[in-house]
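You will see chain A twice below: alongside chain B first, and alongside chain C after that.
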Partner chain A sequence: MQLTVDGLQVQVADGATVLDAARQAGAWVPTLCFDERQAPFGACRACMVAVDGTPKPVPACTTLCREGMVIDTNDPASRRVARTVVELVLSELPSAPAPHTELAQVAARLGVSGSRWSGAVHPVDHDLRHPYLAFQHELCISCGRCVRACDEVQGAFALTAVGRGFEANVAAGIGSGFLESSCVSCGACADTCPTDAITERLLLDGSINGGPPPEAPRLRERR
Partner chain B sequence: METERFDRTVTTTCGYCGVGCRLEAHVRQGRIASISPAADGPANRGHTCLKGRFAHQFTRSRERLTTPLIREGDGFRPASWEEAYARVVSELGRIRDQHGPDSIAGLASSRATNEDCYAMARLMRAAIGTNNIDNCSRVCHSPTSFALRKSFGLSGATGSFDDIELADVAILIGVNPTQGHPVVGARIKQAALRGCKLITIDPRRIELADYGVLHLSPRPGTNAAVMLGLCHVVARDGLTDAGFIAERTEGYETLAELLVGYTPEVVQEITGVPAQDIEQAAHIYAQAQTGCLLWGLGVTEHKYGSEVVQLLCNLALMTGKVGKPGSALLPLRGQNNVQGSSDMGALPDTYTAYRPVSDEDTARLFEQAWGVPLSRKKGYTIPQMFDAALSGELKAMYIFGEDVAQTDPDTAHVVAALEKLDFLVCQDIFETETSRYADVILPASSFLEKAGTFINAERRFQLVEPAIDPPGGAKTDFEIITTVSRMLGHDMGFETPWDCLDEIASLTPQYAGVSRERIGRHGAQWPVRADGSDSPVLYDTFFDNPEQRGKFAALPYKAPGDAADDEFPLILVTGRVLQHYNAGTMTRRTSNVELVDSDLLEIHPQDAERLWVSDGDLVSVRSRVGRIELEARVTERIQPGHVFTTFHFPETRTNLLVGQSADVNTSCPEYKVVAVDVRPVAEHPAYVPQLAGVS
Partner chain C sequence: MSRNLIELTRRHHEGAAPTALALLKTAVEDHGKITADDIRDAAAASGLPEATVYGVTTFYDDLKGPRGARHVRACSGTACFAATAGTHIERLGAGLGVGLGEVAADGSVSFGEAVCLGFCHSSPAFIDGTTVLAGPHALESLLAGRPSAAGEPDWISLLSEPVLTRTGDWSGLARALHELQPEQLLAEVEAADVRGRGGAGFPAGVKWRFTRAAPGAVKFIVANGDEGDPGSYIDKYLMERNPNLLLEGLALAGYAVGAAHGYILVRSEYPLSKPVLERAIRQAHADGWLGSDIRGSGFDFDIAVVEGAGSYVVGEETALLACLQGLRGTVSARPPFPAERGVQGMPTVVNNVETLANIPFIARRGAQAYHDLSPGSKSAGSKLVCFNERFNRPTVYEVPFGMTMRQLCEEVAGGIRDGHTVKALQIGGPLGGILPAGLLETAFDFEPLAAEGCMVGHGSIVAFDETTDMRALTVHLLEFGAHESCGKCFPCRIGLRRAHEMFSTGAPVDRQRFEELLETLELGSLCAHGSGMPAPLRSLLRHFPGELGLAG
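So, the complex of A and B:
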């Protein structure tokens, strides 16, 4: 079907979302909970855009295209929503997200450098028991990407969203950590995480501090 | 690119299993800092497993070989490359002159690139003058290659992994993808969750059985009877695709006669699979619009493994489920380049693309290209090499990237053969069980340190690009092999592996359009025509033999090479786990050992109770040829009467147990059926089997 994104004519297939159309047109739409390897989730509300004929901004990732739709990705109201979403997310973190993370990059592109709101931040809570995967729970923004990667990409069903509101976070197994869960150590969760709430242990240990990657373990002595 | 964390990122292809994940290797200060999946990888689509993503620490292990080693007394001393090359060349030259070229054999590696394997084959054929060249596909999927050529014409999957998502039903036989081929395993699981009906056939209840509609647990070694039973029901109930059989195949009448005898009841008697399950499985597969067949080493590593693959082809031909989207036969090839190493002619009987060494036209083509006369005589297969070494006909071996003393069957026999050789060269990234018997050890490079191409299980050429340098004085396999060849008097004239790829394409019509540029980021599935167009689907209009027809094979069930008896009442099946890769040379030098640190013997609770074995107990496992000790894991994944273990840890020496029974057509060893006796062991520490010459 034919539609318009920021004044450009775009042809999309049946079933395409507004986000698909925007990306096809080369337009940038901020996203936090979206990963193209997963079904659209529509949780973060960062991807709001204006669509002709709707009174309020709509989420691009879960809105299906219609013939003749006119989409504005630069709509000021939508951008205000996105900035507010990112500011609220940042307000709960004890420290700024690392520059390489998707959250930091989205914030930078939206021109959000801090948060207007102060208040409670998540307590630092690290779990380094797995040799490759590390939890930094204080960085979790409950986007659900890790849980969906585990379910929809790998199929290990090891991660669960836990808690409500400010307490919302992610857990492996029944909170027992990766090693005691059905985790197969594929790392899809760390790969998709936009904040490093789940990240690579080897990067935490080594190069993130500026040094070289850590040594390899020695081969076990023969018995 | 993440400039703040990494110095550079190189897109390459994973060197672990045959799925062929495309990876982004992130480098910092000359080391691999991290690896992530390439979003556009055709097989992995932005996903990979813990081996591809995390198991890269081995590249910087302190145990990497960084200088050539030459035997001195009971040990080795470091040597310069000049001395090592001189020693290799003078010894190989002397043995060739004294005993003839056929007294020397080479092993290429299914872990190495196409260019490495092609160069190794050329070294043996042109520089030495023998067809004694083989590779480790001998001991895994050689039966698949043999059977697919017999039934359909070409030695490769008929389709692509993408067919899995298009299939209404998938039969998995003798394969455990969530452990052995994790990314394809994940794709199959997702397909099952979206409605693809899975039928799993394996003595063990594999994880994917939990996501399927039906699981059959045949006794090890009875796959042929299961396949004949399925075909019987399809024929009996009129579920064949009569049009396809008439137009596209030949030999059906003979098969139909044979099938009459394999009623589900007869098959139940042979396999232990309930007759109604055979009926149901046949109906589900035959009545589906589209269906894939996937198999692994549980099919091939048997005395009649190649025949079972032919029987699988029968089932697909009878129902017309081949050569169409969603209907593919997908052998899950084990190692990253087990497809390519064989495609490249690192085999004792074929040049590239399986053209026989006895074929005059092909031999002349290569004689012209290489400028030397070439032998028309078939060389030794790997098992024949060990036999010939023991009988004194084979004097020297050049083994690269393969640890035969850990992974080949009947370890005691292999070790005796290696000991008997006058001269053994090992080229590897670490010292291995095999290199203990070497005269010269050459330090080589891992997949992250070399350039070239791999071919994955979908027949797809994919680029391998170096992310880091080989450590210390180590060199790439390609440089070593071509240098040895030049010093032996045969200069291959390759500056880089890409020159070699060009030669492969120029001498092989099936790869005519292959080039570094054409392969690019997305790969090319052979046959690749001169215009660069490739072949995701084979046989959509004709089969690749002179008759252009699929060939039915009327092959009856025959009993496996080993069977349980009073002295050895249990059947041992050997295999792999997710966390480690074959000999474990690489994965044992990564943090994967924190996840799994030993081989375990899986045993059913009934057998465990009868034998007074508890979970975690040390047990002794004795077969007709050897004995080992390891810990027991009591689990209902395995059937009563069967036990299972892996061979990832050299101290276990699992392959001491496996005898010399092998596939009748390809001599692929029967790793999957070994009669054993299991008993609890009281004392610690464990008994360690001692081998000749090992201190």
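So, the complex of A and C:
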């Protein structure tokens, strides 16, 4: 079907989402919970865009395209929502995300340099007992990408969302960590994590079995 | 919702396995907390992964432990707030000598909150085990160890021909099975313009049409009895006083849509609802109104009752479906809609209890008679409304649409008690706007209330009298909002916490920043919880700005 993104005509297949169309048109739409290898989740709400000039923006990742749709990825209200969302996310972390992380890069591109919000932050809680995977729970933003990677991509079901509201986080196994879970050490969770809450540890980085927190040594660079 | 997890639950459901949530509830009731072994056992029996079951244990209020031998909770709903400004909660804790969420050192008693027990007509309310106590002397008798169950006032219909308060007698289903093809019944429900009574007002006929058209060998009807709106006890009355009407509505929906199975999800804060409904279901089977080949028509329909576990957002339809299947009650983005992928991944109608209770009348009398019930309004049918303890005659009333709020408050509910006056009303639940006393001439109907930033919602009418501190009310609403956020979408998960922090610290609130937050909640949230919370907050900003402690 034919539609318009920021004034540009694009052709998309049936079942394509607004985010697919925007990306095909070369438009940038901020996302935090989206991973193209996984089913859209619609949690972060950073990807809001305007369609057909209506005042209420829609999430690009979970909205299906319609013939003739007119999409505006630079809609001011949508961008205000995206900036506020990112600012809120930064406010729940006890420290700023590392510059190479997807969260830091989205924040920078939206021009959000910090957060005006004070208040509760996630408590520092590290699971460093697994030989290949480290979990720094305070950096978790509950985007669900690791849980979905473990479910949809790997089928190991070692991870789950836990808690609710502001206390939401992710846990491995029955809350006891990766080592006692059904984790198969595939690394799909670390690969998709946008904040380095879950990172892969090098076999020989000297921090195995209760060593110091990893300085995020990486097996490969993220795109 | 994870397709893999839904498939796992479907396969185990075929083997009649219990859900993980049901097993976890049993564990808490049995020994006061959930152990690692309970989680492993629940995983093995339900067929879900251990981590998934662990995630469930951390979601629901009812699964939080540890509990004492006696578990006592104070109602934290809005009607109880309007009655005591929240002091009954502190007094219960002080009386028990136990902190909120804690157990006495000897394990004899634990103290918690319940988010609305549906005894809003007799606030404040408490629940001791499964016994609900309510009224001005409830706390004393509870602390004296003499808990006696509170009574409930009868409901009253203002209609010459009651619809929702008329005892269900299966005559609508009898007529439909003999005189109407499923397609004709569906057309009648569409023509009746039945708008959903749960809050959103979505046309029931549209959901039915989609579900009927959706491909699927098996289809389901789900009654949403998770009446979590603080201040509401309408569905409680329907389920406990008129269970047959709901069962008949479910069966009619099944007939129209082509579904043979129904579910009712009731909230655990209403401990009487599930047993009453199950008794009515057994009787209906015995009388031939449920089961196979109902009254020789060839139509099969059965109904199961599932109890929730303490979560407001489970009233949202996708979260409700997750809870029904024993999973975490978080919201899923739509599409897919339940009409395409609901219970077990199959086409499913989710309707509020009161919505379904309207259907027998339509089946019996037709769409035109249904429209005629509210002659002074564009809206069809009647509506149940309920009033809080601040009124002289609080109970559930069946009313036509279109009466003014003043008529309802003064003529129907008898005005405010003890010489107090109305300061404001919250209508339709915690996501409904707040109407100041100066706007009581507004009609109780969808459009006029919307014009004032309010809504019909689920029909509760909670009055705040002149002694109410509007900043304290704001904190109360935001505490509810933040506590009940399912944690899925970012605006609601973080935003409601930040909004609560802005007001609860006592510091002046930066109005501009608060309004930025409201915009993001409204435009960005995944479901009505986050996008609806701004409505009462905007009303408070509009009508009571001087009382909120704003800066800028």
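What we mean here is this: the second predicted complex is superposed on the first by the 199 of 223 C-alpha atoms of A that agree within 3 Å, B and C clash if a C-alpha of one lies under 4 Å from a C-alpha of the other, contacts with A are read in each partner's own complex, and residues count from 1 in each chain.
Heads up, the rule we're going with is that a residue touches a chain if its C-beta (ideal position, glycine included) is under 8 Å from a C-beta of that chain, and two chains touch if they have at least 3 such contacts.
Being a predicted model, the structure only gives us computed values, none of them experimental.
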Partner chain(s) touched by A:132 [first = chain B, second = chain C, both, neither]: first
Contacts of A:196 with chain B and chain C, given as first, second, both or neither: neither
First (chain B), second (chain C), both or neither touched by A:39: second
Which superposed partner A:62 touches (first chain B, second chain C, both, neither): second
Touching partner for A:102 - first (chain B), second (chain C), both, neither: neither
Superposition-derived comparison: chain B or chain C, residues of chain A touched: C
Chain B versus chain C as contact partner of A:141, first or second or both or neither: second
Partner chain in contact with A:187 - chain B first, chain C second, else both or neither: first
First (chain B), second (chain C), both or neither touched by A:152: both
Chain B/chain C common contact set on chain A: 152, 155
Of all residues in chain C, those that touch chain A in their complex: 2-5, 36, 39-40, 49-55, 58-59, 311, 328, 330, 332-335, 482-491, 493-498, 501, 513, 516-517, 519-520, 523-526
Residues of chain B defined as touching chain A within the complex: 2, 4-6, 28-34, 36-37, 39, 45-50, 53-54, 57-63, 178, 182, 186, 189-190, 193, 578-579, 588-595, 597, 650-651, 685-686, 688
Footprint of chain C on chain A - complex, ascending: 32, 39-46, 48, 56-57, 59, 62, 64, 77-78, 80-81, 84-85, 88-89, 91-92, 116-120, 141-142, 144, 148, 151-152, 155, 157-168, 171-176, 181-182
In the complex, chain A residues that touch chain B: 36-37, 99-100, 131-132, 152-155, 179, 184-188, 191, 200, 202-203, 206-208, 211-220, 222-223
